[in-house]
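Both complexes below contain chain A, partnered by chain B and then by chain C.
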Partner chain A sequence: MTLIHIAVFSTLALLYAVLVRGRGRAWALLAISVVAVYWLQPFVDVRYLDFAFPTATLLIAIGGWAATKPRDADTPSPIFTRDDLKTLIVVLGLVLAVAATRYLAPALRPTASRPPPIETVILGLALGLALIYGLARAIKGRQLVQAAIFAIIITFAIFKTDALASWLAALLRQNAGADPNLATPADLTWLGFSYIAFRILHTLRDRQTGQLPDLSLLEYLNYIIFFPALTAGPIDRAERFQEDHRALAAAAIFTPPRWVEGGGRIAVGLMKKFVIADSIALFALNGVNAHQAEGGALWLLLYAYTFRLFFDFSGYSDIAIGIGILFGIKLPENFDRPYLKNNLQSFWQSWHITLSNWARFYIYSPLTRALLRRKPRPSNAAIQFAGHMSTMLVIGLWHGVTWTFIIWGLWHGVGLFIHKMWSDRTRRWYNGLKDKPAQKRLWHGAGVVLTFHFVALGWVWFALPDAQTALSVFVKLFGGA
Partner chain B sequence: MDETTVREKMREFIKRELIRDESYDLTDDEGIITGGLMDSFALAELAVFVEEAFGVYIPDPDLTVAKMDTLNQMVARVMRDLQ
Partner chain C sequence: MSGWKWLTQPQHPYTWGFVVRVLLKAALLFALVNVLYAALSPLDAIGRLSVYNWLVAGRVRLPYGEDPARAYNLSVDNIPTMFATHVISQPKADDEFRVILLGDSSTWGFLLPPDQTLSAFLNAQGLQLDDGRRLVFYNLGHPIMALMKDALLLEYAMQYQPDMVVWLVTAQSFPRSRQLEAPMVARNPARAAAFIRRYGLAYDTATLEAETDFMAQTIIGQRRPLADWLRLQLYGFMWDATGIDQYLPERYTLRQSDFEAGDVAWGEDFPQPQTLTVDDLAFDVLAAGHQVAGDVPLLLVNEPMFISAGENSDIRYNFFYPRWAYDQYRDLMTAQAEENGWHYVDLWRIIAPEAFTDSPVHMTPQGTEQLVQALAPHIMALLQGDSE
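For the complex of A and B:
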């Protein structure tokens, strides 16, 4: 989100608070979110792709809903209520309205480039919906959810792997009559897909375990594409979102406490992201200065990067949460003073909290439980190692299928495993320090410094474009040539 | 199985297998996770114990500090599906 996006969303929040009442609020959120999916999508240098990606987002979200909808054994197709149909018609109408802006001046379009002809859009929507409907009818019961999970993971893997993304970009360029040799992974910049994919996967997995509440299409779409959380989270949970969503009609939206809280969060976020983070960014570690600095200066660049990342991301989360509050949806917190934690596990419970929770619920916990159930049961150390490494590997790959993100993930996996071994052996001793406050403070402080530096060194892999540069920075930080 | 039996079985398991200190005086409403006595691995161990001992499956998203911090919360969660 840019400052313009934030200003427009805040203005819309004011109009929404003053003008929109009752059930109209849920519909207003849907309308804003659908248009925002197009508006927030950046320009892509392949014709019509910056219209196709947002449209695909909407179709995938509708597909996710169809796959998670409880169905009777006798009626194989999803159970549409009249309201669901109304939602579908509103969404299609909005997409066509966005497409129709192709006839307006560029400044009046919500899209990054001129939308495709209306007939192409209608054909694309019809094919997409026919595919969803056909698959939902053809694949029975649990297999439909499994197929949907598989499809999301495959799409995710293609878009996050540079080689596959370049191949697909070349194909799309060729199809659009452009030079395929110019294809880069940047051609496939699909705004918010990582977050949308993880939200949909959560609904699909919870459907499998029978935990997902019954959601109308309106609730499901508003949850998946809620515009403040579209670009960079937080990753809310469907059942929590549904509670706020159902309370919207009767909620007091235009109240001073809400506006003080929401406005305050936006102000703090703006300060963190656009003032502090952007200032520190001037001397934060990057692919260029990594080659120039050494010794103390290199540590300074790394510290700067460490703080820039925190202020940028947590500032963004503050803005998203603040806008959510103004619209009556209280998104979950994403940060809780992560650099002040005294061990790595606490760090991961306070850094990008909603992603860590997602990974704990859908990777760590099921994998650990499956291994604990095995007969004969592997050793606790082996289970813990497998659990931490797999979870952190997935978190690494979620950022991109590259060696640097893989190493970053494994760095934290090893760190969490070592912390677990250490804390199991020292827990009783540490809890016994309750009566010795000075000693406890000292150990706590040492833990904070150690954890902070472990995390900061991990960012070397995160910040730099390739593993070779990251490795050379690592060596230089410890006095090597 | 009545609530008292569930409570005592869980208390015994947590003390013996998770806190690893059978002499520990575990009260019903103390924060076991927030107090630093259990972590997410211990929660997974507890979930598998609950499955095997009571036949109750606690879904992974319910294994959180907010929902499973005290013995009271854990027992209530098991009793909800046991009845």
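For the complex of A and C:
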């Protein structure tokens, strides 16, 4: 989101609060979100792809809804209500309206480049919907959900793996009559797909376990593509979102507490992201300066990167939460002073909280439960090790299928495991410090410093483009040549 | 989240009255701060605040850069800001004989790392006076060709107690039309206008004074120099960490050697050959520079340039100069130096053509070293002559 996006969303929030009433609010959210999916999508250097990606986002979201929709045993296709149909028609109408802006001046288009011809868009939408409908009819119940999970993971893997993304980009370039040799993974910059994929996976998995509430298409789409959370989360939970969504019609939107809180969060977010983070970014560690700096200076760059990442990401989250509040949706918190935590477990409970929770719900808990049920049961240490490593590996891979993200994930997995073993063995002693406040404060402080540096050193893997560079930075940080 | 209690759990419930009061107070405060800022004009004072020479090492040349993200440097025009980043703002050592080098991108060291510029090679010579003082050279070159810009820098630099000034010039810095158009001059309008008035120079300061209206003096009007000041401070950490202050591309386009037949224009001011007079060139600014330097010895140097042997090189020396213009410039320069008693040395053709890079005045490290070998004796001769 740029400052222009934020200014426009804030202005829309004012109009929405003043002019839109009752059920109109949910429809207004849908309309803004659908257009925002296109508006926020950055330019992609392959013809029409910056229109195709947002359209695919909408179709995948509709597909996700179809796969999660409860149905009777004797009904082969999802139960479509009149409202769902109305939602579908509104979405399709909005997509066509966006496509029709191809006839307007570039400044009046919400898309990064000229949309494709209307007939191509109609054909694409028809094919997409026919595919969703056909699959929903052809594949029954649990298998449909499994197939949808599989499809999302495969798509995710392709887009997050540089080699596969380059291959697909070359294919798309060739198809568009462009030079395939110029293909790069950047050609497949698909706005918000990581977040959208994880939201859909959450609904699919909760559908499998019977925990997902019945969501209308309007609720589902508003949940998946809620525009403030498109670019950088948070990853809300459907049942929590639904509560706010259902309360929208009767909610008091234009009230001083809501506007002070929402406006305050946006202001803090702007300060964090556009003043602090963007300033620190000028001397934060990156793939170029990692080769240029040495020793003490490298530590400075690493600290700068550490704080830049926090202010950037948490600033975005504040802005998203603030805009959400103005529109009547209270998105979950994503950060809670993570660099002041005195152990790695607390850090992960306060850094990108919604992603951590997602991984805990869908990786850590099921895996450790399954291991606990195994006969013979593995040792507690083995279960903890497997749980932490798998969870952090998935969180690493969520950022990209590269060695650096894998190592970063494992770095934290090992850290969490060691912390768990350590805290299990020292809990009684630590609890005994209750009566020794000075000593407890000292240990707390030491924990904060240690945790901060463990996390900061972990960012070396995260920030740098390849493992070799990261390794050389580690060597230089600790005095090596 | 506990961290947001200050916002979500107010002591008194939020009301629209509260919101309106906050917005009004914020607007009033913003207006007041802008008016105060315009009244106090603190940009120069802010410019003197710097992390350089304190938290991070001072820069060895003035800030300039068109690719900040890779050069860790950027072009700023506020003169106090520029000097505050420079090593020259450090106290002068007792055994130091301070020599400042003025000039264009050639002196600044375009396409050269900081340790291969003219000042760096001169410092590497380890020159000393008979009384034991070390000659320490400071690079105050700046990649804009205009004598007025050099003169403004010289005037400001005098507070750093230079013991000698070496001013490298070339004809391209002389056309009168260039003097006020140089960005550093245009963006320091009050300082430039004052300089022009102080030394009675024949330039119309009306365009400069138009730039000093009220809005231009507010924070809103000066947001760019303020933001540049901040960015320059932040890039200081990268400069300190890497020693990089310029992005050096692996490849660049070599200076032009072949020219069109009949291409006799010298810039836009002189499209056809003509007789140049003293009034066509900014010798008055050179004279003002000498007044600024006062008793401090000032050596003028006509800097080396690329001399082409390519197509139509019989009418042009290089991309900058047709022969008719440059030859006249040299004659005028020599005559002016003699007439005014200026110390002047003409080194225009001492460097081999292959020692020039992307422009007729940018030199390779080898070319720069050659220049040092030629220039150092003139500097020493002037100083020894002075001390005699």
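Rule of thumb we're sticking to: the second predicted complex is superposed on the first by the 481 of 481 C-alpha atoms of A that agree within 3 Å, B and C clash if a C-alpha of one lies under 4 Å from a C-alpha of the other, contacts with A are read in each partner's own complex, and residues count from 1 in each chain.
Basically, contacts are C-beta pairs under 8 Å (C-beta built on N, C-alpha and C of every residue); 3 or more make two chains touch, one makes a residue touch a chain.
Since we're looking at a predicted model, the values are computed, not measured.
Participant: After the chain A overlay, clash or fit between chain B and chain C?
Facilitator: fit
Participant: Output check: A:430 vs chain B and chain C. Expected answer is one of first, second, both, neither. What do you get?
Facilitator: first
Participant: Report for A:300: first if it touches chain B alone, second if chain C alone, otherwise both or neither.
Facilitator: second
Participant: Tell me the contact category for A:237 with respect to chain B and chain C: first, second, both or neither.
Facilitator: So A:237 only meets chain B here.
Participant: If you stack the two complexes on chain A, which partner ends up touching A:373: first (chain B), second (chain C), both, or neither?
Facilitator: first
Participant: So, does A:480 touch the first partner chain B, the second partner chain C, both, or neither?
Facilitator: The answer is neither, since A:480 touches no partner chain.
Participant: Can you pull out the angle centred on chain A between the C-alpha centres of chain B and chain C, to the nearest 10°?
Facilitator: Result: 130 degrees at the vertex chain A.
Participant: What is the contact status of A:177 with respect to chain B (first) and chain C (second): first, second, both, or neither?
Facilitator: After superposition on chain A, A:177 lies in contact with neither partner.
Participant: Per the contact definition in the header, classify A:265: touching chain B only (first), chain C only (second), both, or neither.
Facilitator: After superposition on chain A, A:265 lies in contact with chain C alone.
Participant: Upon superposition of the two complexes, what minimum C-alpha distance (Å) separates chain B from chain C?
Facilitator: 12
Participant: Hey, which residues of chain A end up touching chain B in the complex?
Facilitator: Per the touch definition, chain A meets chain B at residues 206, 209, 211, 237, 345, 357, 360-362, 364-366, 368-369, 372-373, 380, 383-384, 387, 420, 423, 427-428, 430-431.
Participant: In their complex, what parts of chain C are in touch with chain A?
Facilitator: So the residues of chain C touching chain A come out as 1-4, 7-8, 10, 13-16, 18-19, 68-70, 72, 230-231, 234-235, 237-238, 240-242, 244.
Participant: Write out the stretch or stretches of chain B touching chain A in their complex.
Facilitator: So the residues of chain B touching chain A come out as 21, 35-37, 39-41, 43-45, 47-48, 51, 59-61, 63-64.
Participant: In their complex, what parts of chain A are in touch with chain C?
Facilitator: By the definition above, chain A touches chain C via 256-257, 259-261, 264-265, 279-280, 282-283, 288-289, 292-294, 297-298, 300-301, 304, 333, 336-337.
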